[in-house]
Amino acid sequence: MSESLKKQNLELSKLNEDYESKYGFHDPVDYFHKGAKGINHEVVEMISKMKKEPKWMAEIRHEALEVFYKKEMPKWGNDHILNEIDFDDIYYFMKPIDAQKDNWDDVPEYIKKTFDKLGIPEAEKKFLGGVSAQYESEVVYHSMQEDLVKKGIIFLDMDSALREYPEIVREHFGSVIPMTDNKFAALNTAVWSGGSFIYVPKGVDVGIPLQAYFRINAENMGQFERTLIIADEGAKLHYIEGCTAPVYSTNSLHTAVVELKAMDDAYIRYTTIQNWSRNIYNLVTKRASAYKNSTIEWVDGNLGSRLTMKYPCVQLLGECAKGEILSVAFAGVDQHQDAGAKMIHAAPNTSSRITSKSISKDNGRATYRGMVKIHKNATGAKVSVECDALLIGEDARSDTYPTMEIDNDQVRVEHEARVSKVAEEQLFYLTSRGLTEDEARLLIVNGFMEPFTKELPLEYAVELNRLIELDMEGSIG
Amino acid sequence: MSDKKPILEFKDIHVEVEGKEVVKGVSMTINPGEIHAIMGKNGSGKSSLSNALMGHPSYTITKGEAYLKGESILDMEADERSRAGLFLAFQYPLAIPGVTVANFMRAALKSHRGADADMSDFRKLFKAAMTDLSVDQSFATRYINDGFSGGEKKRIEVLQMSMLNPAMALLDETDSGVDIDAIKIVSEGINRYQSENNGVLMVTHYQRLLNYVKPDKVHVMMDGKFVLTGGPELALKLEESGYEWLNEEKTGV
Amino acid sequence: MTTQNQDIMIPEITPELKRGPQWLQDKRTASKESYNNSPIPRRGLHLWRYTDPASFVVDKDQVVDTAFRANLNYTIEAELAHLKDGNLSAFVVDKSGRDIEINSSDNVTSDVIIISTLSDAVESHFEIVNKHLYSLVNNETGKFEAMNSALWNDGIFIYIPDGKTVEQPIHLLRESGLDKSAQFPRLLVVVGKNSEVTIIDEYAGGSETQSDNMSLTNSAVEIFGDIDSRTRYISLQRNSEGAKIYLAHRANAEQNASILTVPLAFGGAISKQNFGVTLNGEGADSKMYGLLFGGGRQHYDNHTLHHHAVGKTTSDINFKVVLKDKANSAYTGLIRIENSAKVCEAYQENRNLLLNKGCKAETIPELEILNEDVICSHGATIGPLDPEMVFFLKCRGINETDATRMIVSGFVEATLKQVPADLKEKIPEFVAKRLEDI
């Protein structure tokens, strides 16, 4: 093993050991606006008023709040942890500054420091076409390369988009994920703030990734960003999001809604590396509609949070549409990653692939929950699902709950799952070549994650390798 | 030659796969007792031609005629063509889990002889065929091609041919993926089967098989067409000089 | 908690409820209360997603009907002759879980097999019955398990003492009544240390057509394999076209015990069967080879459970589904390996073959793995017949229909291999019958 690889792997072994010093800091902030805790129509009205929204959006918010009240908590996933959530003990809206900046120098020092520490401006310089940084409820910094603007690409935070392109937002908002979809989608619709809005015009290839970074700073904060991405006919786009939060003793809530639309022949890849601190409930609804010949790819990495419940979905609505979901979950101490994928085949000759990789360590629990549905008219559909789970430590837990509902006989559906631990023979082979057992185990785990990391832009792969919580020490059974 | 009527005759055959034309008008006449070979590089259309002649649903004959012993076969289903006397030995024989070779052969033979046929001689025939092709008797109870080696699969293909005794055998790359010992066994099987009353058409990439089964005629296929037809010496020339000189020749014309 | 509709209470359709010793009556009463006090399972809830629980509720109109009307492909006389010839150890005819007639082979003495009605066993083998009955399927297992636990009239008791090998199978024929009938058969099997037995549990009869008055059969099976025992249990469900079937099967395998379970399902209108084996001692092994062949408008909802409660245990499931016409099937299979159950191996496979448009399959192969020291995998496929296979066979002169039949019988072959000789001739008949009109 080369020295550099060795070093990288050793670094890997200490991943997130330094979470607290690296991401876990928090800023003593004087908020421009900090509402009261709890959720009710007044809070919703206040958010809407602060944002000076059109009336129709306010109406949607209030309606969604009613849906939220009525909907039951999900009975699956981890209802034990879910029921810990006290909706009355959460701040639903916090506005850190009075106005968004597009020049880094204008961002307040304490926020700048935060994102500096997280390496955002650096990354922007290096390889991103545009960056959006959200702090609590609002996007505080936003910029995009000029040539992308010239191509007609719209990349804004959602609040600005609503102001500047109300018709587009109105047409698509909630069209992929209706507020009635689930309790948390309803909550997001009622109190959403921030998030990204992207529109890529016909035939335009964005070329370099666009990125948003989400940061929760305050304790008991709820972040409810709302993202809507539309790739018009033949357009191509790669969008990346990352997220972190400080470590607190009480828990915060992150409930996003992400809607993607790939029109005919379009391509969207959406990459998430979720590294929330372990006191965040991460309950996110992500869904894409794929029209004729289009491709949607979700690349979804879940490393942080106390509980994540997230099942990116692709609705294959047009003939020959393709969906791909690559999902990786890492569940360490006290974490439950309930992640998965949904593929809805509603048109002929659509194809999809789901690859799920999970690592459960210590008493961590990783769950794959999947749904593949093939409707009557989806003749010629092809689906392949592969789940791999790696268990490290005596108390690690892995669950696999795939559901396949097939309503057409001319289809091919394949599902495979394996659960294993790091094999003794592999360890022996590597240690016999001079690696320590820790190094060997890391190498194997890295190999296990490889199908995921190789899909990330290089910078992110390196970042991920640092992020993956592979504190392997003491895991030797 | 006892019968002047050709065993297999096809004229101006065009074949399409997934909307793409892969065979672009080929003709051939095979008389009783004749052995023909089609040689060509991968992708030249030779396997498509044999699949199409057998009636594979993915290979559409868009134009042309084909007659087996004077009878048109293009409107027939694959099983009807088989019962009419056409046989295709597959390049990649398929595994069918759960169906034993013996049960399959019995069903196949019965379909050829008719529903009321006396099958009391089946075991004897089957055993003899297995012995001829050095196939272990245990294969009778194994599932078709399930876990068979390349050579085993090809021997089982030839075994099927010898039992069904077709008028016309199409052998698609029967030599590919097979070691020299198996080639000898397979060739012996083909030679045993071959007679004055039937026809053989071998589709192959290499000359190798032709050392053991001597063709009367060799057709060279390129880009969906026969570009050259000749005697066995043509196969030797291809073996020595490859297919490249054909390109020159073709462009020269 | 949302309020549920007031459920239909268990009616007093079985006067025998008050029979038996006090402890048994208490169990029945507790079960009845459990049933009456529990809501009907919610649709969409795990295991109830695909079948309406209301299908299995009984009402006052329902009767216990013991008229014998099963449409069998053999005669009782022939089966009794089998018994005489020594090809069977026992042949039991259980009419509606009430009238139970036991025919034992002369070759098998009562020190090798004890087989009797449950009501007799409660007296004659009090300790064994008291120890085992209700310990795997009871009022807490689920609402409809509580229903059986409360309402069973009489059941079958099979006990193989330690160190005995029962060479020939025991055949149980469980007959359901016609329209409006409800029956609650119950089976308790206790296989002693280092003993061996094969049981063919055949369900037949029931309503012949689908209507509002379809017969209901709610059966409970408890099997105990003691240390080093070998149990083979074949469940053959070939009820009539209009029968509703609910089955709860649970088995327990102690140290080094092996259990083979073969669920075969061909009949019924609505069939929900739940097969589960708990591996309770080191070295225990469970294999399940299931086959379901649905046609018409049949609805199947099958569950399997392999529960590794103890380490060094192994399990394997292969469940095959063939569907045609408008039949539908949902299969949910769970492998659970407990935290303390180190060094386990568990495999699961579910293959679904759809023979035509209109049929529908669901598969939910689940894993719950609570420790790292396991080897575990599962696979599931859903698809039509492979057209390449059909073409291959057609190239050898076999027509499309025969080719289809051949491929399907190949598909089910591995499962049928597990069926004991006695049934081996009969099962392919069912498969062939299903294939007739393809």
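Each chain gets a letter, A, B and C, in the order it is written, and its residues are counted from 1.
Basically, a contact is a pair of C-beta atoms (placed from the backbone, for glycine too) under 8 Å apart; a residue touches a chain by one contact, two chains touch by 3 or more.
Treat the numbers as computed from the prediction; the structure is a model and nothing was measured.
If you draw each protein chain as a dot and join the dots that touch, you get a simple line with two loose ends.
Looking at contacts between chains, the pair that accounts for the most C-beta pairs is A-C. Taking the mean of C-alpha positions as each chain's centre, the chain lying farthest from the centre of chain A is B. Chain geometry summary: the mean Cα position of chain A and that of chain C are 44 Å apart.
Centre to centre, using the average C-alpha position, chain B and chain C are separated by 49 Å. As a whole-number value, the distance joining the C-alpha centres of chain A and chain B reads 56 Å. For chain B, the set of residues that touch two or more other chains is empty. The touching residues of chain C, counted against chain A in their complex, run 2, 45-46, 339, 342, 352, 354-384. Those residues of chain B whose C-beta lies close enough to touch chain C in the complex are 54-57, 77-79, 81-83, 87-88, 90, 93-94, 96-99, 103-104, 107-108, 111-112, 143, 160, 164.
On chain C, the positions that touch chain B within their shared complex are 386-389, 391-400, 402-403, 406-407, 409-414.
Taken together, the chain A residues at the contact with chain C in this complex read 72, 75-76, 389, 391-421, 477.
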